[in-house]
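Both complexes below contain subunit A, partnered by subunit B and then by subunit C.
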Partner chain A sequence: MTLATFIVKNALRNKRRATLSILSVAISLFLLVTLQVAMRELMNPINDEGSSLRIIVRNKVSLAQPLPARQLQVLDRIPGIVAVSPFSFFGGLYKGDEKFTSFAQFAVDPKRCGPLLSDAKLPPEQLQAWLADRTSCIVGKLTVDRYQLKIGDRMQFTGQYYPCDLELKVVGIYQGTADDRNVMFHQSYLDESLGKPGTVGTWWVRAASVDEAPLVTDRINKAFANSSAEVRAESERAFVLGFVSMWANIKTLITRISVVVLFALVLVAVSTMSMAIRERFRELAILKALGFKRRELFAFILAESVGLAVAGALIGGFGAWLVFTYMRVGGIVLALVALGLFAMCVYLLIKRQWLTGILALFAAMPVAMLGATLAQAGSIQGLTNGMFLLFEVTPQMLGLVFVVAGVLGVLAALAPMIAVARTSVVQGLKTLD
Partner chain B sequence: MAVPIVTIRNLSKVYAQGEIQVTALDKISLDISVGEFLTLMGPSGSGKSTLLHIIAGIDRPTSGECRVQDVDVTKLNESKLADWRNQNVGFIFQTFNLIPVLTAFENVELPLLLTRLGGNERKTRVQAALGLVGLGDRSHHLPKQLSGGQEQRVAIARALVTDPKLIVADEPTGNLDSNSAQDVLKVLQLLSREAGKTVIMVTHDPKAAAFGSRSIHLEKGELLK
Partner chain C sequence: MALPIKYSVRNALVRWRSTIATVLGIGLVVFVFVLLQSLAAGIEKSSGNTGDRRNVMIVRKGSTAESASLISREDFQQIRYFEEIARNENGEAVISADVLALVNLPRKPPEDNSSAFERRLSKILIALHLKDAKKPVSGGEANVLLRGVTARGMELRPQVKIVAGRWFTPGKREIVVSAKLARRFANFDVGQSFRSGNATFTVVGWLDGGGSAFDSECWIDADECRSVFERDMYSSFLARVPDAKSMSNLVARVEGDRRFKLKAESEVEYYRKQTMTAAPIKWLGGFLAVMMSVGAVFAAMNTMYAAVGARTREIGTLRVLGFRRRAVVFALLLEGGFLALMGGVLGCVVAYHWNGYTTATMGFETFSEIVFQFTVTPGLIVKGLVFAVIVGIIGTLLPAIRASRLPVIDALKAI
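Then we have the complex of A and B:
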C-alpha cells in the first residue's frame, strides 16, 4: 500500500457520496463551460480577413433608422473603398416558422456585393441567374439543409419590420462564409415592394486593405457629418458587438449566473468534505497517534478534496468539449451512460439497495433524454435552432475549469483541515463513530 | 532494581472546565521497568487513562516530568512527538480503531508508511506481526470480516510492527468476550515476557490485571500505596 492508495481508498469509502459529489461538480462545471462558450460566441464575432475589411455604415441615430439611398454616390467617391452595397435587414417570418425565423434575409445589390462576400462560394451559373432575376435570391447552405430547399423553390416571407410580404425564388446556394444561413435578395425588389422609398437599411463597405480600414471608417463618418442623415461607420466586429449590447448587458448577466453557479458549487463541496472528514475524526486521531503529523493529515484531506473536484472537472469539462464538438457522439455516449445507469438501477433493486437504485433511475432518465436530444440535434446549430453556429470549447476554458476545480478542492478542504488541526488526539479518540 | 524505561516525577494534569478545575493527576511519581507488564487500575475518572496518554505522548501534563528512555516527552514539540510516537510507542485501544476501508495487512502496514522501509521489507514485517498474533491467513480480510478478538489482534500487530519498546493498551479487552480477551491478554503477556516489550495496560477487570507483572491503583488522580 502507498499513501496514494490510502487516499483513494478513503475518498471512495462512501461510493454513493463520492459519486454524487463528483457529479454535482461535473454538472456545475459543465454549466460553467456552457455559459463561457455562449458568452464567447456572443462577444467575440468571427474575425477573418473578410470581416476585418468590411465596414458597416448605419444611421447615427439608431440601427432602426434607414439611410438615404442617394448616399451611394458619395460613398463611391471616398478613397480606399473598393466595394459598397446596400444591406437592408428584412427580418421576415419564413412561411412555416411560427414565431421566430433563425436566419436573416438581406436586401443587397447583387452587382456590387460580390467583393463584400468574397468568402462565399457560388457557382457562376447560379450567380448569373441571381443577377438576371429581380425576384430571385441566394440561400446559405445551412438554411438549405435545414429546410430541405432546392433550386427553383419559392420562399415566402411575412414582413415583420417592413410593411410588405415577399416571395423569393431560390436560384443559388452559397457556402464558405462564417455564417452560411442568410438569404440574399435584390434591394431593388424590396424598394419596389415598398413603393420606392429611396432608403436602405445599412451600407456594407469593403476597404482596400486592413491598414486602410480605420481611415476609411473615419472618412465615411466625416463625409456625412452635419448632413440630414449622419452615419456611424464601424468595423464589422464593432457593429456585431453593438448589436449584442442591444440585448442589455448580457456579459454581466452571464458572469453573475456563473458566480451563482460557483457559489452553489462551493457550498456543496464544503458541506460534502466537512461531512466526509467529520465522520472519521476518530480515525484521523488514530493516525495522529500512530505518528502521522498534522501536515500529512492536511495533505490527505487536501488530496481527497482536490481529487474529487478534479474528477468532476474531468467529466464536466471534457464532457462539455465532447458534447459541443461532437454532439452526436456525445449524445450516444450519454445514451450509453443512461443504459449503464438503468442496468445499475436494476442490479441495485435486485440487491435491495432501494435508495441508490432509485437515485440511479432518476439519474438515468434525464441523461437518456439529454442523450437522445443531442444525438438527434447532431450539432449546435440543430440544437439551438441555428442561433449558434459554432460552440467552441477552447483550451483556456478547460484550463479555467481545472483552476476552478483546484480552488474548489482547496476551499472545501479548509474547514475540515482547521477542525483537524484544532482537535487533539485525545479529543479525537473520544469522538463517537 | 531493573532499568526504568519510564520515569515519572510529580506529574499533574488539571482540566479546566469553565471556572471549575478538575485534577485528573495529582503529583504522581512512578518508575516502570523495561520488559514490565504494568496494569493501571482504578475506578472511572481516577486518571489512569490520562496517565497512559501522557506516557504515550498523546496528551500533555500541566506540570511534572515524564521521561521515556531518557526523553522528556512533555518537552517535545508536536512534530517531534509524532515521530517519537511512531518509533517508540505501539497503541492498542478498547474499540480496536482499525481503518474500515483497509485490509488487516494494510492496517498493520499503516505506521510503516511513515518510515523509510521499502515495500518488501514492509511486507516481511507486516507478515511477521500478523503471524505473531496468529492471523497470517487473514491478512486480506477487511475489519468487518473479522471477529472482535481478531480485530483486536490485528490492532496488536499494528502496535508491534514498528518494533516499539513501549506498548500502551487502553482497556484492550473491554469490548471482547472472555475467550477473546484471554487470547489478547496472552499475546500481551508473551510480548512482555518473551520479546522484552514494556506493556502498560489500563483495565477495570482484576482478571485481566492478573496477567500483568505489576499492578498499580489510582484513585482521584493519586497513586494508592
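Then we have the complex of A and C:
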C-alpha cells in the first residue's frame, strides 16, 4: 500500500461523510461562482471591437433629458470623429410582455450608424431594405430566436418613455455584436410619430483612433459648454460604469454576501474535518507509536482535507461552468442524477426500507424538476427571460474557486493538526471516541 | 414513553465544538435569507406607505411610472373641470399637475458610517488582502427625481413635512430636498446650491416623507421645473375626490374617454404597485437561501451522523431500557431541531441589527436613487426560524432513522 492509496482509503472510509462534505463544499463554491458571474454580467462593460472607439454623448442633466437634434451639425465639424448617429432609447413594451421587455429598441440613423455597429453582421440586401423603408427595423439574432420572428413580421411596441406607440416591420436580422438582442429603427420614424420635437436621446460617436478618443471626448464636451443643452460625452466604458455606480449599496451587499457564503463554507469544512480526525485519534496515535513522524501525520491530514475540498471545487466549479455554458447538457446530467436517486428509491422499496425509499423519492423529485427546467430553458437567456445573456464562467473564476478550495483545505486541516501535535502517544491511545 | 427534552438539549450542548459549527452555519443561512428579504420588505414598505386614500393618480396609458409619463396641457385644461374632483373653500378644483425630471448629481464621497463590527471586519479583510484598503474615492453619480409641484400638490400630499429650513418660494429657483437624500448627495445642505440644466438651484429646506416614496424626491416649483428642463408637457395629475364613489366615477370617466390616452387609479394603489425593484432582490434572496440551505442540510447531516455514530452504545442502552424506536427518532429530531433553532435565532438577531438601517439603490421604475430601510418584520423572523427548523429536521431525519434501526445487540457491542 503506497502512501497515496492510504490517504485515499482514509478519506473514503466513511463514504457518506466524504460525500456530504464534498457536496456541501461543492454547493457553496457553485454559489460563489454564480454570484461572481452575475456580478460580472451586471457590472462589466461590454468589450467588443468597437467599444474602445465608441463615445456616448448624453444630456448633462441626465440620460432622461433629450438633446436637440441641431447639435448634429456641430458634432459633424469636430475633428477626429468618424461617424455620429442619434441613438434614442425607445424602451417600449413589446406586445405580450406585461411589465418588462428584455431587449432595447434604439432609434438610429441607418445611414450613419454603420461604423458605430462595426461588429454587426447584416446581409447587404437586408441593409438596403432597412435603408429603403422608414418604418422598418433590424432585430438581433437572440430576440429573433426568442420570439420566433421572421423577416416581414410586424412588431408592436407600446411607448413607456415616449408618448407614442410604434409598429415596426422586421427587414433584417443582425448578429455579432456584444448584445444581439436590440432592435434598431429609424430616428426619422420616431420623430414623425412624436410630431417632430427636434430632439434625440443620445448621440453615439465613433472616434478615429483609440489614442484620439479621449481628445474627441473633451472636444465634444467643450463644444457644447455653456450652450442651452450642455452635454456629457464619455467613453462607452465610463458610461456603463456610471450606470453601475447607480446600483449603489446593492453591489456592496452582494460582495458581502459572497464573503458570508465563504465564511459558512469554512465553518462547515473545519467542523467536518475535525470530526473525521477526532474519530480516528487512536489510529493516528498508533501510527505515531509505529514511528511515523509528526510531519508525516500532518501530510496525511492535509492531503485528505485538501483532497476533499478540491473534489468539491471540481464538482462546484465545473458544475457551474457546465450548467451556465451548456445548460441543456447540465439539465441532462441532473436528470441522470435524479434517475439514479429514483433507482435507489426503487431498490430501497424492494428491500422494504419504506421510509428511506420515500425520502430518496423526495430527493429525486426536485432534482428531476430542476434538470427538466434547465434542459427546457436550454440557455441562461431562456432561464432568466433574457435578463442575462452570457453568464460566462471565466478561467479566473475557476482559478478563484480552486484557490479558495486549497485555502479551505489547509484551514480545515489546521485544528486537527494542532490536536494531533499536542497529544502524546499514550493519551491518544487512551482516547475512546 | 418519550425521552425527556433535557436529553436532547444536553446532548446538543455536550458536543459543543460541532454544535457551534452547525449553529453558526445555519445561522448564516438564516441571516442572509432574512437580510435580503428585509431589503425587499423595506422597498415594499416605503411604497406601500405612500399616498392618500382620497387621491387619484392619473398618468399616460402605457407608462409604468409617473416619471416616464407625459400628459399634454390640453388634457389638464379638460380634466380640471370634472365635477368628480373635490373643491377647496375657494371653489378651486383640488388637482395638481406635476412635472418630474430626472437629474444626474454627484454623490457625497462615502463617509465612514459603518458600525464598529464592520470596521473591524474590514480591517481583517484588508489585512488578509481580501479587500482593498479604502481609498478616498468619490461617491460617483446617481439620478435624483425632481418633482415640480404647485401649492395644490403640497396640499394633496400631507405626508410630506419640512424638517429643516423652509418651503421654496414659487418663481424662484429654490429647491427642497429630501433629508434622507441630503445625507447621500453633495451640496444638499440647506444654503448650498448646485447646477443642473443651465440653472442654479439653492437648497432652502429638507423634507421628510415619513418613510414614504417621497423620501427619495426633491421638490421645486412646477413652473421653474418646466422652464429649466424645457418641458411643455406634464408628467402626472393628482386629484382629490370627496368620496369613494366619485373616485370610481373619475377613474371610469378618465379611462373611458377616448380623447385621453390616460390611466387613472387610486394613488395608494399606484404606489403599491411600484415595487418592481424588490422583485429581483426577493428572487436573489430565495435563490441564495435555497442553495445555502441545501449546503446546510448536508452539514447538519454530517454533524448528526457523527453524533449518532459516537452514541451508538448509548442508543442501544436506551433501547434495552425499553425506549421505543420512535422515542429515539423523536429525541434525535428534537436535538437537530434545537440546534437549528439556535442557529435561526442567531441569524435573526444578527439580521435584526440592520433593522432600520437606511440604504439606497436605483429604482427600476424611476431610474433614480430610491432610499429605503432594512425592515425586519415579525413575519420575516417567523419565516427565518421555521426555515431553520426545517433545515435542521431534514438534516437529522436520515441519521435518526439509522440510529433507530440499529440492531440492539450490535449497538451494545459497539465501542
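In this section, the second predicted complex is superposed on the first by the 407 of 433 C-alpha atoms of A that agree within 3 Å, B and C clash if a C-alpha of one lies under 4 Å from a C-alpha of the other, contacts with A are read in each partner's own complex, and residues count from 1 in each chain.
The definition used in the following text is that contacts are C-beta pairs under 8 Å (C-beta built on N, C-alpha and C of every residue); 3 or more make two chains touch, one makes a residue touch a chain.
Computed from a prediction, not measured in an experiment: that's the story for all the values here.
Judged by the touch definition given at the top, the superposed model places A:R219 against neither subunit B nor subunit C. Shared-chain residue A:L20: touches subunit C; no touch with subunit B. In the superposition on chain A, A:A289 makes contact with subunit B only, while subunit C stays out of contact range. Of the two partner chains placed by the overlay, only subunit B lies in contact with A:K9; subunit C stays clear of it. Using the contact criterion defined above for the overlaid structures, shared-chain residue A:R237 touches neither subunit B nor subunit C, since it reaches no partner. Legend: residue contacts after superposition of the two complexes on their common chain; A:L429 is shown touching subunit B, with no touch to subunit C.
Of the two partner chains placed around the shared chain by superposition, neither subunit B nor subunit C is touched by A:K141. Contacts of A:K95 after superposition on the shared chain: neither subunit B nor subunit C is touched. For subunit A, the partner with contacts to more residues, out of subunit B and subunit C, is C.
Residues common to the contacts of subunit A with subunit B and with subunit C across the two structures: 433.
Chain contact summary for the complex, subunit A toward subunit C: residues 16-17, 20-21, 23-24, 27-28, 30-31, 34, 60-65, 93, 99-100, 158-163, 165, 228, 230, 232, 242, 245-250, 253-254, 257, 259-261, 263-265, 267-268, 270-272, 274-275, 279, 355-356, 359, 432-433.
Of all residues in subunit B, only 53, 56, 58-59, 78-79, 82-83, 85-87, 91, 93, 95, 97, 99-102, 105-106, 109-111, 113-114, 158 touch subunit A in the complex they form. Subunit C contributes residues 17-18, 21-22, 24-25, 28-29, 31-32, 36, 39, 60, 62-64, 67-68, 70, 101-104, 125, 130, 140-143, 196-198, 229, 233, 261, 276, 281, 284, 288, 291-292, 294-296, 298-299, 301-303, 305-306, 309-310, 359-362, 367, 369, 397-398, 401, 415 to its touches with subunit A in the complex. Remark: subunit A residues 1-3, 6, 9-10, 12-13, 282-283, 286-294, 296, 424-426, 429, 433 touch subunit B in the complex.
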